[in-house]
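Presented sequentially are two complexes of chain A, the first with chain B as partner and the second with chain C.
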Partner chain A sequence: MAGLGFACLLLALAVCAYGIGASLYGVRSGRVEFSESGRRSVYALAGILTVAMIVLEVAFLRNDFTFNTVADTSSRTTPALYRAAAVWSSQEGSLLLWAWLLSLWSSLALFLTRKRLRDVAAYATAILLGFGGFFVALMVFYANPFATTHPAPPEGAGLDPLLRFPTMIIHPPMLYSGYTLCTIPLAFGMGALLARRVDADWIKAIRRFAFAAWLFLGAGILLGALWSYSELGWGGYWGWDAVENASLMPWLTGTAFLHSLMIQEKRGMLKVWNVSLALATGTLAIMGTFLVRSGILDSIHAFGGHTLGVPFVFLIATLIGGSIYLVVSRRDMLRSEHRLDSWLSRESIFLANNVVLVGLCFVIFWGTYFPLISEAVTGQEASVGPPWFDRYTVPLALILVLLSGVGPVIAWRRATLANARRNFVVPSVCALLVLGALEIAGVTQKPLAIAMFCCAGFVFGSIGQEFFRGTRARRAMAGEPAPLALLALVRRNRRRYGGYIVHIGIAVLFVGVAASSSFQHASQLGLSPGQSTRVGAYTVRYVRPTATITPKYDEAHTGSTLSLGALLDVSEHGHHVATLNPSEGFYASQEASQGTVGSLIGGQPVSHVAMNGSFTRNVWTAIAPDIETPALKRIVSVGNSTLPAEDALVGIAYLARAYLKNPPPAQFNFLVSPLVFWIWIGGLISFGGGLIALWPAPSVVRRRVSVRSRARALRGLARA
Partner chain B sequence: MNPSRKRTVRLVVALSAAVVLASALIYTSFSAASPALTPSQLMREAQPGRSYQLTGTVVSGSVHREGAVLDFSVEDRVGGTTIPLAYTGIVPDPFREGREVIVTVEKQGGRYIGERNSLITKCPSKYKTAPPSENQNS
Partner chain C sequence: MAVLIAILTLALIGLVVLVVGAPLRRARRPGDAGSPARDARDRLASVARQASAAPAASAAATHDDLEAAREAKYREIRDAELDFRTGKLSQEDYQAIDAELRAEAIEILDRLERLAAGGDGPEGPLRLS
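And then the complex of A and B:
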């Protein structure tokens, strides 16, 4: 089977080489059949990599430990669901996932543009196959997912317990879909420059893919944040870690691109800017992949392989150099067809939004790569922490949210005073109402958070007003009842109203971020059973310890051998609120040196967080039990010397009983975060809005067809 | 003012503003950054009152807890200089003796104090469980 997989990779490499040659020859010589053959090689690549992916997936599900990646990242005790997802937990497997998703998305993009933009698409085909070939070559020469060892080890090392969490199954494919989709605007942008066809056609062709990239990348980032909050023992959702930042940067430039491309479509302006954004987004996506793969920067997402640095630096340098050369050499073609009429217009608001987004991206870029910059400048590696990031990103985020409320209601070209009065009264009143309500509720500290709430109020007002006016107009025109009119309104203008829903979602998300980061109560301390502590308005009492020995499936279904926890009683003003049971799972390691009993719990311990959430606040608890007490250590060492491997669980049972009987103080981490739930709701709203905007409107398709057929009929008539 | 002159002025103003902001950003990044040091470098260079990012391996047998304070020592990756420090705040799950950690520390008198919640443990790998013999993250 491994042979088949590797043969697929070799074949894929050959297909990429052929496809690049064919499409370039086709577009240069004007022989369409070669360009088409190049396009079909992308479909072939998708087919071949699908087979390779299936081979690897089957090896994981069948516990075929002759595959090195299976032996390294899976085991018989890893639950089946997580075994299936373990494919992309290894360096090699995630490269295959990347290449596979790239081939699928590229096939879709090229299939949908097969009748348009032949020359641009031919160049894009070559570029996309170049990316595909690059990743396949990495697997062939550096990190082969089909490498084998004979004889196979009897058991694998198991999937890292930190990754045994449902969101971790879909987080990487989402993120990678986002990254790979980012390369499609890059490929078509470069194609447009190479083919010297820089009108809005290429943008129209890939608009949907740029949007899909934005949507998937955003969803991937949020899923990562959700995993961090609800699984890791630190209780945060964002830490300005290098790898997190790497995924945020292309998302920010992608957001800018989605807005500014509308200006090119409508007014033929900002051509240089748009094509540069498309190229930058694609390049940042590749750099993000590189950061994860290379180990060049310190990150909590530590990296297995560090052999991939040189090829990636080569690719990134080529991309940056090529982009700059193309934009500079084509600058005459990229002149704007119009000028900005007024600073008070939708164009200029979009421009401001672009400047803020790119500024944010620059801040994050600088902070992320600062260790390398500092080492190059001063010879001393140094890094900046979250406070530095917050200092710049918080004000920029405030401006951004405010602009997302202004943009939808300001007029194109030139806004007049009358227009301003008509559109801005309601949103401003909403913002003031929020301010007043906060004042009455006694929320007067944390001015930045209050400013964010007011900006969000402004957005709700402005978008709500747009929906209200649109619905009212439809009701007046078609006489439909309000809910139907609203539905019809959104269905008729999916892109516009989907976009508005995204704005609402983002505002909701930022309300959650501002509230949970500014008004959080935290407490970390050691407690013994019977003791209690106060966190914010809540009293948390450690009622009693809990222990479960679960050789196969623990309660959280993650495959831990031993799980020690605590029953906590949470009350507010003497009223019982919730009973929580946070625990820590201890996993088996494959280290014989830890002894028969010790190795059953010698792997990495992982927190299983317990939460009680509502719309307004979230009580979050995690425990780190102490199993290193002399009494417990003695049980392990006695067990190691007396119990054979098949009876080692008896030792764990003794350990658990001793822990329950005489529990040592455990370390707790308590958080009470207001409105944190709204971060995830905001994300969902945005995702829903994004799907609405992305969905092709059936009426538009029909209209396009009918317009085309009418044009054909007219031409026929003219000829006659 | 003619329109093209006006545009040039606008461009210059916008660019100057961007340059000023970028300079502020660059300046603050250098002044706010904490140098990343190994224990032996920290021993040589540490000045009281300044914060440093200490990177090294947790010494076996050095981890003790005193109430909310976690005491442990960090040594060079290849062994050698050892820095004992007192840390408060969140301890990540993968924290263990022998693991590589990054923690922001400050020298106060003769003691090293870890900044609250600054402890980061490099996981063996998000992407690959390193074989026990291999040095993690090397």
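And then the complex of A and C:
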């Protein structure tokens, strides 16, 4: 079926080329049928790429090793769920996923705008098809997911064990959904500039997509952080890796855009800023995709050196050049219709929030691309590490969290000092209460972390006050009981209160980050069975070694042949805290030179982290068992020379038994991180708040009618 | 297998041509009473936009723009009311802002009504605020 898949790609390329031409001709000549045909090309692209995706999925599920991507990234021993997700573990498959998601989201956006913004949508169609065509062309000319080899190898290389983790199944689709959704505001922003319709209408059309991009990108970033913490053996969730940073940058500018677009909707202000943010967010999303694929910067997430760098550089240069030209050439139309009424207003807080978010993005951009900049200027590649990022991002994050508490209690247009003072009492008292509680608990070191806790206290106070006062106002108006009034309040003002919940979630997330990074106990332990050692208030005892042999599927569904680990007992002041069983999985390799036994465990070893978490702290450990001892190496050597392939597992059984009977000392990475659980909780709260804000109002029609009738009543009052 | 792939590919191409070409076929069909009215209006709007110079084009407040402005204004009225009821606006500020917003909302409604009646009048560009 590879032929059908490749035919789909060729057809998709032709449809993109036709759709671009039809859309542009339609909008330039005023012939709507061509614009309509161009829009339908996007639907057709979605259909074609769905067929291509199905062909590739079926190949993975059927272990069709004639497909090179299947042979390179899957195997018969890879569990079915991971085989299905292995499609996007390769360069080729992930390009197809990108193009497919782009076509689906673009279709949805163009379908929802089919009756309005015809000229803007026609340009947007051409731009979105341009992106689609670019990615399809990459697959056709550089990285064909349907390339085949005959005869097929009997077995595939298997999925990278590091990717055999549940969150990694949904992390790429979430992240790619975020990236591809970021291109929709970009396309409509460019379309608005090209069509010279830069009022708030285009913003209204793409607002939900900008929000969805923010939501998916944020969820993808957090899932990646969870994977890093739970799967990788270093115990961190964020390492300022180039690819992590690349996904964070569009999220930051997207967050700024979501705030500033409200000012354009309400006041007709910040048109240049908004369209620039939309274009920058889309361009940064493409740059993020480029970073993963070009291999120009070192990253554990990158697909390695590849030939896709030049086409991406061309695309990014076109986007940047085109964006600058359009904004400059349309600057007369982008003039603000109004000025700020007062510096003490919601608008000015949003402006400050935008400056901080873009400042954060700039710092991260500089740090991420510093190796390239340094090489270009000095001829030597140098990079900056986490301490450099922390130095600049931590103060900015503090300001950002504080602003997320200040904004909700300041009115739109203008607030008086007296009102502001009154509204700041409760949040300030909350911040002071947090400070007092920390003082009583003896937490007096780490001033930046303490400042973050106080800022979060301010946010909780501010948002709590907003919910309380809103509910009270609703009760006074409708005479409803408090829970119903609260529900009605949120239901009728989803964007506002959904946004407030997001602010709460972000504050909770930052509390988790500040606590876990500032007050973490980290130790490298070398222990033999029976030995124990102290880590802070904790006592860690190596109880006994463990070993598991699973020729195909192990309990964790990771597919390792042999898993060697240890049972650890953790206690605090004599009280049992947790029993942990960290292990390291040894996977089969395709290297025949390693011998019949050696090849069964010769693949990449992967740490299986053990954790015990609660709301207050997380005990985390990973083990690195030493299997390079002379006794264990001799077993492998003897097994290689005496055992045929079908009996090689016997050698592994001997190896496991020897490890259990005479275990070598093991190295443990042991961490106790306070409040780390709240990072994920904060993410969930933000996601929930985001869904509330994104969800359409329950009865738009009824509300419109009611607002219309109210407006008539207002008209009557005004004329009276 | 090769024959099956060829048939599937041809079927896919046929389907794509059918979907993508439908608007073009509809436009050529004489006596189609479905969309010409809308298409004619769109074409007229497009021609009008092209005919006017760039600064003048931005001055044309379309129906869509007005509807977007009206929705935004309604939201602003609701937000101001909520800001007042949650203690963020003083009584005087609220009354002033509310009156201003109502007047702007009425202006938008008037212009929408005039547009529906056949012309937008000479007011010039729509101001959101």
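Just so we're on the same page, the second predicted complex is superposed on the first by the 697 of 720 C-alpha atoms of A that agree within 3 Å, B and C clash if a C-alpha of one lies under 4 Å from a C-alpha of the other, contacts with A are read in each partner's own complex, and residues count from 1 in each chain.
We adopt the following convention: a contact is a pair of C-beta atoms (placed from the backbone, for glycine too) under 8 Å apart; a residue touches a chain by one contact, two chains touch by 3 or more.
Not measured: the values here are computed from a predicted model.
Applying the stated contact rule after C-alpha superposition, one finds that A:Ile169 touches neither chain B nor chain C. Contacts of A:Val384 after superposition: chain B is touched, whereas chain C is not reached. When both complexes are overlaid on chain A, the residue A:Leu691 reaches neither chain B nor chain C.
Contacts of A:Val606 after superposition on the shared chain: chain B is touched, whereas chain C is not. When the two complexes are overlaid on their common chain A, residue A:Gly233 makes contact with chain B while staying clear of chain C.
In the superposition on chain A, A:Tyr18 makes contact with chain C only, not with chain B. Put simply, chain A uses no single residue to touch chain B in one complex and chain C in the other. Only residues 21-22, 25-26, 28-30, 32-36, 53, 55, 65, 67-68, 88-94, 96, 102, 104, 117-118, 120-132, 136-137 of chain B touch chain A when the two sit together in their complex.
Per the touch definition, chain A reaches chain B in the complex via residues 72-73, 89-91, 94, 157-158, 160, 162-163, 232-235, 292, 295, 298, 300-305, 359, 362-363, 366-367, 370-371, 374, 377-378, 380-385, 387-388, 391-392, 524-526, 584, 589-591, 593, 604-607, 624, 626, 667, 669.
Within the complex formed with chain A, the residues of chain C that make contact are 1-2, 5, 8-9, 12-13, 15-16, 19-24, 26-27, 39, 42-43, 46-47, 49-50, 54-55, 57-58, 62, 64-65, 68-69, 71-72, 74-80, 82-83, 85-90, 93, 97, 99, 102-103, 105-106, 109, 126-129. Listing the residues of chain A that touch chain C in their complex gives 1, 3-4, 7-8, 11, 15, 18-19, 22, 27, 30-34, 36-37, 40-41, 43-44, 47-48, 51, 116-119, 195-201, 204, 265-268, 332-333, 337-338, 409-416, 418-419, 422-423, 466, 469-470, 473, 476-477, 493, 496, 707, 711, 714-715, 717-718.
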